[in-house]
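Below: one structure in structure tokens.
Chains here go by letter, A, B and C, matching the order in which they are written, and residues are numbered from 1 within each.
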Amino acid sequence: MAAPRDVTSLKQLVLGRKDVQDLSDTETELPHELMTVNMGPSHPAMHGTVRIVLSVDGERVVKSDVQPGYLHRCFEKESEHATYTQVFPYTDRLNYVSPMINNVGWAMAVEKLMGLTARIPKRTEYIRVIVSEMSRITDHLTCIGASAMELGAFTAFLYFLKSREWFYELLEKVSGARLTHSYVRVGGVAKDLPDNFDADLTRTLNETEKVMVEVEGLLNNNKIFRDRMAGIGAMTKQEALATGCVGPIARACGVDYDVRKDYPYSIYPEVEFDVPVGTTGDCYDRYLVRIEELKQSIRILRQCLKQIPDGPTMVDDPRCSLPPKRDTYNTIESMIRHFKHIVDGIKVPAGEGYSFVEGGNGELGFFIVSDGTGRPYKAYCRSPSFVHLSTASQLIHNHLIADIVPIFGMINMIGGECDK
Amino acid sequence: MAQKVLDALKQHHASAIELTESVHGDEVAWVKREGLVAVATWLKNDPSMLFDSPVFVTCIDRLDWRPVGLPPSSAWNESKPRFEVCYQLRSHTHKYRLRLKVAVPEHDAHCPSLAGVWPAFDWQERETFDMYGIRFDGHPDLRRIYLYEEFVGYPLRKDYPKEKRQPLVRRDDLPINPIKAPDGGHHGDR
Amino acid sequence: MGVEITTTRLEDAAKWAKQSLVERATNWGRKFSLFTYPFVTACCGMEFMSVAGPKYDLARFGAEFPRFSPRQSDLLMVVGTITEKQGPALKRVFDQMAEPKFVIAFGVCASTGGFYQNYSAMPGCDQVIPVDVYIPGCPPRPEQVLDGLIMLMDRVQQGRGHSQLRTKREQLIAAQAASDE
């Protein structure tokens, strides 16, 4: 039998390491440089595509450089080369989870420059509000569903996706497309609501309320969900205002700002709804604000369905409305008017104006400079996601890498809107 | 809507304000470059103004400005400044909205930065610099935000063609590779 | 060399792309267990979520679980607009995938650029990586996506995906070189 060997050197031989007490002083110190980790631009936890260069100390984020722009599709440059009606598809793809709201925002901005805001028929306004609120519902369903999925709650995602499909089907019946509708026109909407819309929407709202009860039961008091969301990414009211935050993010911090209440437009003064305002501004508050806004949107939709009057779906103004097809095919004047509208665009008097609506993420505004022709001279989109993303660096400071996921989910940064 | 804001501005900062007007319900005040930061700080801190929430900053390039329906003298010519930087502000408590405009000539495309007054303008000024080439003096970190650093030129200026691409990477076996082709691959501009 | 390398025609492909039983079985297994890497950028991502959702179920085609690492996936779905800034990242992700790998250009922005013809949007992701199946639509309906996926599965079964043909070509060149010596 061989002589027993020295235990220390045997360990080194077998395991390749030494015992702690045998290590020298320099070897026991952990490295103190920060490690640079790159997240994105293609990463499952990024809604849309964003790159974050993190400097981490272990798991804690010390410095971060958020780099957007990986989806810059030149909305402004394209709209300078398109007529006012041709810009509607580009606006669809800005906030692509709530496209109708972008359409309505652009239509309202052009109508403000033309002076048509007060003359839009009542039924048209009601239709616009109905489709806007439906889009807001799809926005919140997608945001909460995707965030829940990233935290591991896959069931909530599937339930909300099932519910979102019903809304997509309805919006497809209304406009012809599931996602990128281009339904609204300057001065009205493209065509009237389909038959049986009332019954379909009421049934969908009832079913969605049942789905929401299920998902709230799964998430609201779920210990894992609350632990991962509560206290994460908090922002104070002053910070929210100074960084220009709007929408559910600002409302979760306690800023009581909703464009539909503070600068009412369309028929929002005629419907009753509440605006939920949070207290702490962390991710859990943002989640609760969005859930409550879903319920309020359902409430608005129910009232709109009861109150909607009959009437025309386009303002009676030859400057922006196309003539009826019978006249187009039979009279030369209407045919020329139709031709001029399509080829040259709607002539908007020279000037500039900024008009804003309450999008899914907050104040979505369009700043249009018009030079009197049918194409905008400049069309700037004030996107709330861009502003919210600029606060991301400050929000993830001193949090763990795993906390970046709920923070990004609840900011609801939509790539198309952020990078325009 | 908020005429009293314009009146108070004219009263307190008469030397910096060139012109005030109200267009389509928006209040607009034209401010001189030198007085911009002072006016902005006063708007933020004065208790009757309290413009605590910034909305946007952008720039208008007047190079092709020949409006239809207005007299020909309102068209742009070389003697007028080419860029107008627009700042839109909002007061949450008083519900005022205001637009500040600064005229910036092309040969001296600088504008004082308001990123120190409101942190939201940090990224938005970077975007304006990226798209129009206006340098903001005093900005903590002025670099491109939407486009990559290798991009040459400022795309939203009126003299930049819409379809002029500057590709970073292309497949090696592409029929016309604009990165490797000797003439830059300008056949249909792919 | 005596090997016909140009094989974009079906007749030529039939000559040398004849598959053995083992190859056919492997391709059958490959087509029903595609691991997707959804390179999601824009609005088509919403339709991708719907396709993967409960109504237009992607799971029944075997392509259920997205692998969020290119090293573990074999189907790269380029979903949404690719910009020039994103180009190097896309190329890197594609290079990191192991053969055999397939690419679906999902949506018209990834196919040709769509109606974004400007200084930033790349006119199609095939400027950077070779694409097997193009699915047009803005965004494409989920049924259209499933049709495109079935088309890809047919190509995988026949061994006509780009990377399978590439591998076959290299093997044939190597075999020819060995028999020449």
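A few comments on the model shown:
As a working rule, contacts are C-beta pairs under 8 Å (C-beta built on N, C-alpha and C of every residue); 3 or more make two chains touch, one makes a residue touch a chain.
No experiment lies behind these values; they were computed from the predicted model shown.
For chain pairs A-C and B-C, the one joined by more C-beta pairs in contact is A-C. With chains reduced to the mean position of their C-alpha atoms, the one farthest from chain A is C. A straight line joining the Cα centres of chain A and chain B is 25 Å long.
The distance from the centre of chain A to the centre of chain C, with each centre set as the mean of the Cα atoms, comes to 30 Å. Note on chain placement: the centre of chain B and the centre of chain C lie 43 Å apart, centres being C-alpha means. In chain A, the residues that touch at least two other chains are 69, 72, 74, 77-78.
Within chain B, contacts with two or more other chains are made by residues 146-148, 155, 162. Chain C has residues 85, 118-120 in contact with two or more other chains.
Of all the residues in chain B, the ones that touch chain A in their complex are 23-26, 52-56, 58, 60-61, 64-70, 86, 88, 92, 95, 99, 118-120, 122-124, 127, 131, 144-148, 155-156, 162. Put simply, chain B touches chain C in their complex at residues 146-148, 155, 160-171, 174, 190. Within the complex formed with chain A, the chain C residues making contact are 39-43, 45-47, 49-50, 53-55, 66, 68, 80-81, 83, 85-86, 89-90, 93, 115-116, 118-121, 138-139, 141. Remark: chain A residues 67-69, 72, 74, 76-78, 80-81, 112-113, 238, 241-244, 255, 257, 262-263, 347, 349-354, 363, 365, 367, 369, 371-373, 377-378, 380, 382, 386-387, 389-390, 419-420 touch chain B in the complex. Interface of chain C with chain B (complex): residues 84-85, 87-88, 91, 117-120, 122-123, 126-130.
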